[in-house]
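Naming follows writing order (A, B, C and D), and every chain is counted from residue 1.
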Amino acid sequence: MTLALFYIAGAIALAATGIALTRVNAIHALIYLVVSLLAVAFIFFLLGAPFAAVLEIVIYAGAIMVLFVFVIMMLNLGNRGTVVEQEMMNPSVWIIPSLLCLILLIELSLSIASLKSETNPIVVSAKEIGISLFGPYVLAVEIASMLLLAGLVAANHIGRRLSKMDQEKDEG
Amino acid sequence: MNPLIIPLSHVLMLAALLFTAGLLGLLIRRNVIFILMSLEVMLNAAALAFVGASAHWGQTDGQIILLLILTIAAAEVAVGLGLVLQIQRRFKTLDLDVVSRMRG
Amino acid sequence: MTGTDFLALSPIIALAVGASVLLLQIAFLRNLKLTTGITVVTFLACLFFLFYITKLNHQTTPLLLVDPLSTFFSIVFVLCACITTFISYEYLKNRPGRNDEFFLLVVLATMGSIVLTYATHLASFILGLELMGIALYGLIAYPHQDDMSLEAAIKYLVLSGASSAALLFGFALLYAITGSLFFPDLLSGLASPEVAVGPQSPFWARQLILLGSALILAGISFKLSLAPFHMWTPDVYEGSPAPITGFLATISKGAVFAATLRLYVIGEFHNFPTIVTGLTILSIISILVGNLLALRQENIKRLLAYSSIAHFGYLLIALIAAGTLTPNGISAIEPSAYYLAGYIFTTLIATGLIAAISSSNNEENANLSDIAGLFWKNPLLALCLSVSLLSLAGIPLTAGFIGKLYIFQMGVEAGAWLLLSILIIGSGIGIYYYLRLIFSMTTDPSSSRSTLAPALPVTVSLITLTILVLYLGIYPQPLMEYLLWNT
Amino acid sequence: MELLNLLIILFIGGAAAWVGEHFSKGLSRWISLLFIAVAAVSLLEMLSNIPAPTFLKDPITKDPTTWLIHGRADWIPRFGISFELALDGLSLLLVVLTLFLGAVSVIASWDEIDKHQGFFQANIMWTLTGVIGVFIALDLILFFLFWEVMLVPMYLLIAIWGHEDKAKAAMKFFIFTQVSGLLMLLAMITLAIFVKDANGYWSFSYFDLLDNNLTSSLATFIMLGFFIGFTVKLPGFPFHTWLPDAHTQAPTAGSVILAGILLKTGAYGLIRFTVPLFPEASIAFAPIAILLGASGVVYGAILAFGQTDFKRLVAYSSVSHMGFVLLGVFAWNALAIQGAVMQLVAHGLSTAALFMIAGALQHRLHTRDLQKMGGLWQSMPRMGALAMFFIAASLGLPGMGNFIAEFLVLAGLFQVYPWLAVVSSAGLITGAIYSLKLIQESFQGAPDDTLTPPDFSALAMSAMIAMLIGLIVLGIFPQLVLDISQPVINALTSEITL
């Protein structure tokens, strides 16, 4: 039963990702991507990692994707750029990268298939994660905070509109 | 529900498929937003592999790496989307080939 | 957390405190001079703690190992960051817009480099890498009214992000096999794949380990811009603000290499012939591609970008040779650490000078024609740049020569004749473009550009670096002993 | 370590000359001369402390205490690299030649160099420092250091003050020497590592490395590294292609230093390092080396004949003359090596003088093309007479140093390879032809009234006369030079027999 659910979720994740990355319209793509992320979150749940599943939904599907939506809305892209993107679907563009990726994929699958599949019936609870997060990984949390600070400062600076003066100089 | 009837190799296989899908998107797409999405897919695939392996070993480490990947992804996307905004303002397009002017 | 833990972490804490102070200061009072001052004090405090703990060898949680070698690297990085600050101040002071956050990002990026240097665990490795990376995206795109800097930033972000993803996926595969993210434990699983992997097909199981390592290697090669993963380097160097080009070429690459060195030695990756072959190919292609493409460049930043590709190709020779020399590859540490330190100081002179030139010309880039006549206009700076270029070319009396001596010694002891012959060919080509730069400095200037007269701190920094490069070249014994006894 | 003073004096002299430019325009030239004189005095003072009989006693090559002067200090103990300087008769001759030609080159640049005089003099002094370092360094890495470091000021001399095609010529010079130098470095390190494995400790000292028991195939490879490094600098056929360009484009002082001393470092390296370090491999290789030397002699002479550029002609004649050195070294008997050493000194003097004349002509006529010259004797009798003399010396007229040198080499070679000696003497005949062509087309012939350049100045005359006297002394009393180098050559040939 669980295995069947896993396959269904995996198929959904794959299909949604595939559709998302071949869309022309960014918003459509994002919605498929959210579906894919939800499917992955479900897989996390099946794998006995409920905390990871929740994080995946809240942060990934929630916060990060919403950030994308926000920016796409701000840009108000509409259907501009569609023509250019259509050219990207031309086989001459994707055939070589696809072949390369296919080779990588075959290598990966053949090697992964060799893994011994031991089972280990432990569900890792949020409490355990919390303990190790503030045990051996306490420094990781601290460094992550600095990383977010860097992201914040960088994004704040880059995203800022240019001051009037700069813009005038630019246009003039 | 017994969580670990799912073989590790299958989880890794799914992760590998997602990873290659993301890589393919990164290589083919020229729109910066889609490139960022492909990046997210790749990072997410790595996260899936970590969580799968973590479940296999019954450890917390893999899930903590997931947490870190989320943090990294968030920060990267924030900066990346900031760049997207500026690029759209300056170049009036999101096509990376148009943005690329330096050569040689 | 014990007292020793805090002592070991004191340099990082100093930077964190500095970053917080900067954040508060920027919020309440925008003043570039004050910001620069706080940044410099932060770096000096960090340096003080680093010098205080040079003898310390302490594992602080599984994440960070503070040992003399990494402390040495950190000292080099922080010193360079401090000099970058002086150069950046010159660069920023006449630029419009808000320039204060720049230094906050520099402090954070430096912190990333130190974390990376001390990392013994995937978590700290990837966090250090990304902390540095994200701060650098911000720094590269800092003058975001500039098209080239935006282009450079998005290229860097996409490729760096992709390489991080590849790195993580590779580690995930290794984790699936060995169940550990702690570098010293990677070893146990990797050395004998049969322990953890199922019996069905040992060949493919070994392939999986190799594939994971290859993904890690590819990710690292991107960050080190080894050919054929180098495409981004010249564009990003060219598009970045000049002081950040210096940061990218020195601290950022140096920290990634320092971390890789530790991963390679502790993880005993040299036990896999396939990986060593991969490194050999990367090294050969990097040396040839870097040197050949550098020949055509008129833009000094691009030229340095290609030259750095070649230099990291040279550095790999030490890693490749070390595996055959010692069972644990430990002999890679001394030569590559020396080479790296010399390379970092040397490159910072060149990039620092470009920054000074572009600040005085108010242009992002410096071409060969911009340094024409430097020998007669400002002999002191011309001498600094000449020393730097000669060191890059590996002429004696400079740090570059001792580095090359080390690489030769390693190569000969390991019998890597192919690599050594490529190294000689590469150096021969390299001489051509380094001499071309020196020659441009001696020609008579075609245009009457404003004379180059950087502020005192910049001049003093460049001279200090030059003295360091000469010192490392003339009296290398103390550092050699430090590296030898502490590894 | 008193030898170090020599290097320090010259190095500081260079820096002082550069700074001196800021005080007074012509000052740096005087500073250079002064510091060369000080170096010469300090060398004399060192020599005067050595008891006279030591000069006549054969030293033992492997025992540094039997050398004239020897000093050693640790430098990089990690790799057994030391700061080891030593002097024997051979080095002494070459050091004296270097100081003398150094002074000549300063005089040669007296009127020619207007631009950035101070830096020019600094580069001359630093080149001299490097060359002297090469002649006295007995630690291989230290030797390599001087070997490479002297390239940089020499490169600048050509690149900044050279003629039309200076950038390319300077680059070619540097790349040729640098790449072959790296091969040599590789050979040095390989040798040191093998000796380390045998002895158990690192050392790059000449005296330690002499006792290597390398297998023959390995020794051949290492020897080739050294051989190529030195032959490029010599330059021996077929590695000579950098030389005509570098000589032609260099300013006069640069050509004087290049031809007069820099080429000699290659010959010195062959005598000092290649053969003594790898005697067996050298025996096996000697036929090829001698063949290369003979080809150089003939080929250089033929090419020289075809030139219309004064400097280029002299440059190719250098290829021919240095071929004799290669012959002398690899014939490896006392007669031939003596000839080679003699050739170093005599060729240094005669070629330096010819380049000075070429430079003076170019400065006055703004051309080096022989076809545009002719009849210059009329307006410049002094220069003409000198040119006649030095060209005669260079073609090997009996009574002058070059004759003695080439005669000794051929006599020595005849004992080993009689037929090659015969072929090489063909070089002497072609030498006579191109030399006559040179003097005929430049100074003889119908005078051109439009050309009335001034003759040599008194200062230049004094330098020329000094070289003239030197060559005559070498020709008539060769024993003066032979006596200084004889003990060293005796020691080398008795300890190492091919």
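Everything below uses one rule, namely that a residue touches a chain if its C-beta (ideal position, glycine included) is under 8 Å from a C-beta of that chain, and two chains touch if they have at least 3 such contacts.
This one's a predicted model, so the numbers in the text were calculated from it and none came from an experiment.
Interface comparison, C-D against B-C: more C-beta pairs in contact at B-C. Chain C has its Cα centroid nearest to the centroid of all protein Cα atoms in the structure.
Subunit C and subunit D have CA centres that are 43 Å apart. Between the CA-based centres of subunit A and subunit D the separation comes to 70 Å, rounded to the whole angstrom.
Rounded to whole angstrom, the centroid-to-centroid distance between subunit B and subunit C, based on C-alpha atoms, equals 26 Å.
Mean C-alpha position of subunit A lies 29 Å from that of subunit C.
The residues of subunit C that reach two or more other chains are 123, 127, 130, 134, 137-138, 141, 144, 153, 173, 176, listed in rising order.
Multi-chain contact residues of subunit A, defined as those touching 2 or more other chains: 108, 112-115, 117, 137, 140, 144, 147, 150-151, 154-158. With touch defined as above, residues shared between interfaces to two or more other chains in subunit B number as follows: 8, 12, 19, 22-23, 36, 47, 52, 54, 56-57, 59, 61, 64, 68, 72, 75-76, 79, 82-83, 86.
Pairs of chains that satisfy the touch definition comprise A-B, A-C, B-C, C-D. By the touch criterion stated above, subunit A contacts subunit B in their complex at residues 1-3, 6, 10, 13-14, 17-18, 20-21, 26, 29-30, 33, 36-37, 40, 43-44, 46-49, 51-52, 55-56, 59-60, 63-64, 67-68, 70-72, 74-75, 77, 81, 84-85, 88, 93-94, 97-98, 100-102, 104-105, 108-109, 112-115, 117-124, 128-129, 131-133, 137, 140, 144, 147-148, 150-152, 154-159, 161. Per the touch definition, subunit B reaches subunit A in the complex via residues 1-14, 16-25, 27-31, 33-34, 36-38, 40-41, 44, 47-48, 51-52, 54-61, 63-64, 66-68, 70-79, 81-86, 88-89, 93-95.
Contacts from subunit C toward subunit A in the complex involve residues 1, 9, 16, 19, 23, 60-64, 96-98, 101, 104-105, 108-109, 111-112, 115, 123-124, 127-128, 130-131, 134-135, 137-139, 141-142, 144-145, 153, 173, 176-177, 196-205, 207-208, 211. Residues 122-123, 126-127, 130, 133-134, 137-138, 141, 144, 147-148, 150-155, 157-158, 161-162, 164-166, 168-169, 171-173, 175-176, 179-181, 234-235, 238-239, 296-297, 302 of subunit C touch subunit B in their complex.
Interface of subunit C with subunit D (complex): residues 375-376, 379, 390, 393, 395-397, 401, 405, 408-409, 412-413, 420, 424, 427-428, 431-432, 435-436, 438-439, 442, 476-477, 480-481, 484.
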